[in-house]
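Paired with chain B in one complex and with chain C in the other, chain A is shared by the two complexes that follow.
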Partner chain A sequence: MKPILDVDNLTRIHGPGCPACLDVTGPEHDTNICRHCGSVVAVAGASFRLHKGEVLGIMGESGSGKSSLVKMLYFDDKPTSGQATFHDEGHAHDLFSLNEAQQLRLRDTRMGMVYQNPSLGLNFDISAGGNIAERLLMSDELSYRVIREKATALLARTEVPPARMDELPRNFSGGMQQRVQIARALSTGAPLLLLDEVTTGLDLSVQARILDLIMELQEVTGVSMLVVTHDLGVVRHLTTRTIVMKYGRIIESGLTDQILEDPQAAYTQQLVSSAL
Partner chain B sequence: MHPVDTMGQTREGAEYGFAFLDEDAKRELRRSIFKAVCIPGHQVPYASREMPIARGFGTGGMQLTLALLGPDDACKVIDQGADDSVNAANIRNFFALTCPGVTGTLRTEEASVIQTRHRIPELPLRADQILVFQVPYPDPLVVVEPNAAKRRRMHGRADYARLWVKLYEDMVAFDEITISHRYPTRINGHYIIDPSPIPRFDVPKLHQADCLYLFGAGREKRIYAVPPHTDAVPITFNDVTFAVENFRDKATGKRHCCRRCGADDSFLDEFLDDDGARVFQCSDAAYCDMRLERLEAAE
Partner chain C sequence: MDNILSVRDLGKGFYIHDRAKHVPAAEGISFDLKPGQLAALVGPSGAGKSSLLKAIYRTYVPSTGQVLYRTAAGDLVDLVTAPETQITDLRRSEIGFVTQFLHCLPRLSTLDVVARPLLQQGVDRDAAHDKAARMLAALAIPEQLWDATPATFSGGERQRVNIARSFTQGGRLMLLDEPTASLDPVARENVCAMIEAAKAEGAAMVGIFHDMAIVERLADVKITVERRAFEAVA
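Take a look at the complex of A and B:
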């Protein structure tokens, strides 16, 4: 299997940081706040590999650093140290040594992000179709007819009624906003999709439909996905391999079934057994 | 008139030097103009001075003109195509008062510096003429991004997708692009400018022109330029053509003509005459007068 994303020793420390930060935080110290300088260690030495066409889950409680990790990969935040390599069409992009324009170019055309909160991923002041059009325009599609056709097709695929594509997404239900976000993330045919708590805050039936939609799209397009969630159901449903994080550290990783049925780390055992 | 000499020095007893502004202000303006010409379409920040008119009434254009004028220049001031409106007449009087030797003129072909609000003269401008625009809002991105720091980064990256999204929304709602003035225009393949509130009709005149176009926004403290022989392309989709106002009568399909001079190639103002009938007249008063003179001379 070919890798699409290699993350190597990624660290993000909020605050001044000191040499002791990494030594006095982590699961064994039961904190992610450095007692010497007060910095918050959001992610510490995270390394993993994502293969082409694979769906990798990142699981953990609130504040475990799973969202921070994905934010850095989508250039919403800068890492304190560490590297990530994005393998795309024969090029290996060293993500954090690119300049800002190259980073945004990559993010706008070759990566897709679905946020928990649709207001982060969508522009509520322009229509649903306009949101799709924006991504297409960023990737230099300048034909109105083509943009319109692609937007219509994408929204149809994510089950947004065509009659509503020219309405503002702020008037949509939460589930439909999330589907517009997914359509937007898919619009440029990006090989890498980052999903940050996509079903949190939606009711169960809507959650199930969104998950089905994501599964179906993954099967059709073969897109690689990084799925961040604290929901064991989502992990079980979507992912083949899972990483468990706590206090910014990756404490366990392996096949999803293995982790859910036979968790090794104490925290993972607790997490799995506490599921309703 | 104040007793001032043309070297810019204030003589004993005179309140102001030549062209009202102090020499430091003029130097600042000229430096900014050079920079603006060197980077076509880039908005150059500058130290905008207080002028004896309110900001928003053409202070940016006025400062540019004052920095450009020398005692041998002839100056014309246009407001919406006319030379005799309050704004234009007063600014022209101000130049005559503070720049001894500068002649005010109404004729486009006689002027070396033309300050304008909302129009480009119909008569093609020559290489020895400069057109100065009074600009209310210099940044075309202001409608899509409220954060000024982010806008500057977007300009640097030529990240203008969101301007096209506005066009997309327009096409969806009206099947055509409905921007009537301040049409976003890409200069020299990179920066997109707000060409001040000129009608779409005037936008093609920016492209590969012989003259220098300077834009000054006094309130927003920005100067930018379209140098001579520079590409100026109004933004649009590949399959949607940019069209200027055609002034066709919806019923007959014929183009309206100016009721004074009969011109069928000028930008027309539409209004109701004393009998309530719709009539059209050249917006550029100097052009209209010139045509009338020629017609009378021919008779």
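Take a look at the complex of A and C:
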């Protein structure tokens, strides 16, 4: 299997930071706040590889650093230190040494992000179709007719009724907003998709259909995905491998069924046994 | 003929952090298997038979030993230490696991559930559906139900759908965890026939069967698993 993303020793410290930050935080200290300088260690020394076509879960409770991690990969935030390499079309992009224009380019065309909060991933002031069109325009598709056709097809694929294409997504249900976000993220054929708690807060039946849709799209397109979630069910249904985070550290990783059925770390054992 | 599977001194124990306790499940299991053979794990309940099966599949991290598997490409791989990505590849194309339980999302039709592993292997839709339909028919799932989701089925029907899916996917090595438990006699006979057919095509299997008559009928090798002196905690 070929790698698509290599994350190497990624660290994000909010606050002034001091030489002791990493030594006095983490699961063994039961905190992510440095007692010397008060900084919050959101992510510390995270390293992993995502392979082409793979669906990798990042699991942990709120505050574990899982969202911080993907936000950096999507350039929503900058790391304090560390590297990430995105292997795409024969290039190995060293993500954090690219200039801003190059980063935007990757973000707009080669990576997709679906946020828990649809207002972050969608422009609520333009129509659902317009949201797709916007991203297609950034990928240099300029023909109105082609854009309209593509947007229609994408929304159909994510099961947004064509009749609603010209409506504002702010008026949609949460599940429908996620569908538009997914359509938008997929629109440019990006090989890497980042999903941050995409089903959190939705009704159970809507959750199941969204998961189902994501799984189907993954199978059809072969897109590689990082799936951030606190929900063991999401991990079980979508992913083949899983990383477990706590206090910014990766404390365990393995095959998803192994993580769920034979967790090795004390924390993962607790997490798994506390599921309903 | 070469062995397809050589299990050497396989053991599994669990460390429960909460109770600071080590719980042994099984130890010292060794056996060899050639293509077309079935090894039955035999022993009282609680002896660790399922744990061994899961340790071979790597759902459980084995504590000791080796699980040497000969791949279709001819390589000898220790499944205990193989990289996770190699395990996922092998699971997709060569090694299957059949349980009594079916986890599936509510929207998929039965036919799609059964055809899915083939679609994931890249088999085209018609061929996958064709094979799925044959398996469902062989297990006597009425055709009227194929469009419905198995989420609405009875326990026995679900179990048969699950078995149909596993055998549709096939595999060079199949791990069977009580595939015939709780089935009626007709369904049980259908499943046994399916296992025999897969063996005849060269699939090697490791299985757990509650019913000793089935063990006598299907097994080429019997491996006795003793209950551990130290009882597993619930």
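Odds and ends about this structure:
The criterion applied here is as follows: the second predicted complex is superposed on the first by the 276 of 276 C-alpha atoms of A that agree within 3 Å, B and C clash if a C-alpha of one lies under 4 Å from a C-alpha of the other, contacts with A are read in each partner's own complex, and residues count from 1 in each chain.
Simple rule for what comes next: contacts are C-beta pairs under 8 Å (C-beta built on N, C-alpha and C of every residue); 3 or more make two chains touch, one makes a residue touch a chain.
The shown structure was predicted, so the numbers you read here are calculated from the model rather than taken from an experiment.
Judged by the touch definition given at the top, the superposed model places A:200 against neither chain B nor chain C.
Of the two partner chains placed by superposition, only chain B is touched by A:104; chain C is not.
Touching more residues of chain A than its counterpart among chain B and chain C is C. Contacts of A:152 after superposition on the shared chain: neither chain B nor chain C is touched. In the superposed model, A:237 makes contact with chain C only, not with chain B.
Applying the stated contact rule after C-alpha superposition, one finds that A:81 touches neither chain B nor chain C. Note for the complex: chain C touches chain A at residues 14-18, 54, 58-61, 84-85, 87-89, 103, 105-108, 119-120.
On the chain B side of its complex with chain A, the touching residues are 153, 156-157, 159, 161-162, 164-165, 168-169, 171-173, 237-240.
Chain contact summary for the complex, chain A toward chain B: residues 100-101, 104, 108, 126-127, 129-130, 133-134, 137-138, 142-145, 147-148, 166.
Those residues of chain A that touch chain C in the complex are listed here as 1, 51, 54, 205, 208-209, 211-212, 215, 219, 236-237, 240-241, 254-255, 257-258, 261-262, 264-266, 269-270, 273.
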